[in-house]
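Think of it as A, B and C in the order they're written, each chain with its own count starting at 1.
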């Protein structure tokens, strides 16, 4: 088996006594595109910063291509290109000067390579203009050019579609696919879940500093409880009956009857549907419609991370 | 592309700043060398003895410009004159009007509280003083007041002045005269061509009845001083004694010791009359 | 090693492209002519009243002595003036004009007067955002995720700062000479300057006084100014690492420098103040024999105090920079 490009093992970070990241572990193999999901404050950014040595872990370790990041950052970081949050570059320099600046910090990035990455991100026309004149999309592309300078094996992009217009997002998406097809591994954090769903082979979902799910998207969706929508004759009695079964979880539709118009949404396994219908009928509650909804990653994500607020 | 790349800018700047740093460090090395071996004083400055002799052989009346030098104590300094001119500047202005030629005040080297002893020492030792004296063709000075009044004036601040203090004052007279003589001899030796004007002493305590006796003692000083000065034909004494007797309040400043503007004006007039 | 050179080059280029040095040149181009004009006026007045410098020195001595005779002047002030009188007297005795107006002489005076406040200000103008600027701009995340050890990044910044300190002092000297030389003439390189006055209490020991040509004196003065400015740069680097905000680091450093110059001019009776760095900045003052702000201070003492402060600042800066988490 190939050595993973990135291996995160039991990573923890405490800041001022608070646990921000709690025993996070995952791996990324060669050529994989992995989505890194979590609501705001889940510990995503802290984790990413620990991957690239901006923050020292309290315990646990990050290994990139066999090198321990905290112990030999200058070796491990050679294989990483990253944009942490915004692609902030020196605005008083031109794009070219910025690239030269970062190339100087690497071992094998000469002028030819700078020209090459400029072409990859299609910035040839504006590369000699000052960065302060760039649009957000151009800055994003310059950031990626910078990240690619050292021919990394792993590219870490934090919220890459932030602030991009739909056209920019589309371009970025095809660009990322192309990078991955060249054998690059990518870790993409995003709150735009549809983006991740469309791009990534695999996702890691974290909440409150813990990994709550990870795996191939299709498998995750299959595993997850499906959503069943009920349209019932007697709404209140229906909700009461449905929630009395502890195998069924009522997600929506518990509002008072007056303003209720939509269906009652429940999370439950499919094989429970016939039995539940029978019970409803036995209790004299008319069943107008039963609809099994296709689960999207978004719904699954919400279901997972908002568990506490609903229960 | 005409744009300067980072590398070119960087190399030019690095070279320039390294050169500058080398200079700075060289400077520090010089400091270290000098501190380690203070005897690096191979360049010990020599006592030059101020060979430069600007001495004027021409008397001030015939000279192209009057080179005035003022020496002495607070009276020459002009203490008490709110305008700061004292008699020295007034004399300088008056002379320039009278002779219609420039008057160069080489300096007013008077120092408050100077005694005859100190002035004599400076004239003997201080090459700067000697240089200045040699360069002048007219010298005005006042001295002796502090020798005579120092103890008396000090006690005035504390307690009432009395007859005993005046006797004390008289006791110092002989010694003070001895020093005055040194001053006069020294001035003559340094520059026999310059005209010298000495401002005689006056009694600032005339209106105090118990101190009126001091006037007689001061007159003794003035007489004795004159007997030193008259030996040298270029030296002159201008009496101020009489100015301050009847009109002592008009001419003294608020410290009841130094003249005020009007007092200095009168002293200057006196001097100008004689020059 | 090669990497460190490349990193330092990066930092030099950034400081250059931020146009900080242009600002410094501009400030110098404005300030030097003003002082040249003031000095020119002064020289004119002097020449008018005292065609012979010796008489001017004599008058100066007499004026100082008159203030010494006054009881209103505090004893500490008198100490400095007594020393000044003795030094002027020494110049007079050796027939050396202490302020023969020339481009070099003006440069020497300007440098001597700017070492406690003006040059530290210029150094802070360059250096106080050298780290905090990267933080506020967010570029520190780019900088520290490169395969380079953090101490190397900070060392490259320190080296770049040191080189700019040299450039700043060199620019001050060169511009001073060029501008003032236009008025006072470009000569004066070999004019003698007396150095090595030893001050004990309120008297001057002139046994170790020696004459140096003015060019050598100027070089020594520049070296000492560089040394003080380097200490300020090291402290500036530390505050820049410790404080997020550039304004805060600039203001706190300026406050320290100004407090020091006020303390020195007060001739403070608080003798422990001599261990503060900003009281010790005027190193070249010891060369010409300016009385130290606090009794007992000497050139080696001040040099040591500055070295300790500088080393401590660099130590703290490196410790915090290499260990700290980048959270924002």
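The criterion applied here is as follows: a residue touches a chain if its C-beta (ideal position, glycine included) is under 8 Å from a C-beta of that chain, and two chains touch if they have at least 3 such contacts.
In UniProt terms, the chains line up like this: A = ABC transporter ATP-binding protein; B = GDSL family lipase; C = ABC transporter permease.
If you're wondering where the values come from, they're calculated on a predicted model, not measured in any experiment.
Asks: Quickly list, by label, the chains bordering both chain B (GDSL family lipase) and chain C (ABC transporter permease).
Replies: A
Asks: By mean C-alpha coordinates, which chain is most distant from chain A?
Replies: B
Asks: When A-B is set beside A-C, which has more C-beta pairs in contact?
Replies: Of the two interfaces, A-B and A-C, more C-beta pairs touch across A-C.
Asks: By Cα centroids, which chain is closest to the centre of the whole protein?
Replies: Given all protein C-alpha atoms shown, the central chain works out to be C.
Asks: Roughly how far is chain B (GDSL family lipase) from chain C (ABC transporter permease), going centre to centre by Cα mean, in whole Å?
Replies: About 37 Å, centre to centre.
Asks: In whole angstrom, what separates the CA-based centres of chain A and chain B (GDSL family lipase)?
Replies: Computed from C-alpha means, the inter-chain centre distance equals 90 Å.
Asks: List the centre-to-centre spacing of chain A and chain C (ABC transporter permease) in whole Å, with centres computed as mean CA coordinates.
Replies: The separation of the two C-alpha centroids amounts to 55 Å.
Asks: Where in chain B (GDSL family lipase) do residues touch two or more of the other chains?
Replies: Residues 6-7.
Asks: I need the residues of chain C (ABC transporter permease) touching at least two other chains; which ones are they?
Replies: In chain C (ABC transporter permease), the residues touching two or more other chains are 9-10, 13, 17.
Asks: Give me the residue numbers in chain A that touch at least two other chains, ranges are fine.
Replies: Those would be 97, 101, 104.
Asks: Using the touch definition from the top, list the residues of chain C (ABC transporter permease) that touch chain A in their complex.
Replies: Listed in rising order, the residues of chain C (ABC transporter permease) that touch chain A are 3, 6-7, 9-10, 13-14, 17-19, 137-139, 141-150, 323, 325-327.
Asks: Show which residues of chain A lie in contact with chain B (GDSL family lipase) when the two form their complex.
Replies: Interface residues on the chain A side: 94, 96-97, 100-101, 104, 128.
Asks: Of all residues in chain C (ABC transporter permease), which touch chain B (GDSL family lipase) in the complex?
Replies: 8-10, 12-13, 16-17, 49-52, 54-59, 61-62, 65-66, 69-70, 89, 92-96, 162-164, 166-167, 169-170, 192, 194-196, 208-212, 216, 219-224, 226-227, 287, 299-300
Asks: Could you pull out which chain B (GDSL family lipase) residues touch chain A in their complex?
Replies: 1, 3, 5-7
Asks: Touching residues of chain B (GDSL family lipase) toward chain C (ABC transporter permease) in the complex: what are they?
Replies: 6-7, 9-11, 13-14, 16-18, 20-21, 23-31, 34-35, 38, 40-48, 50, 52, 54, 77, 104-113, 126-129, 131-132, 135
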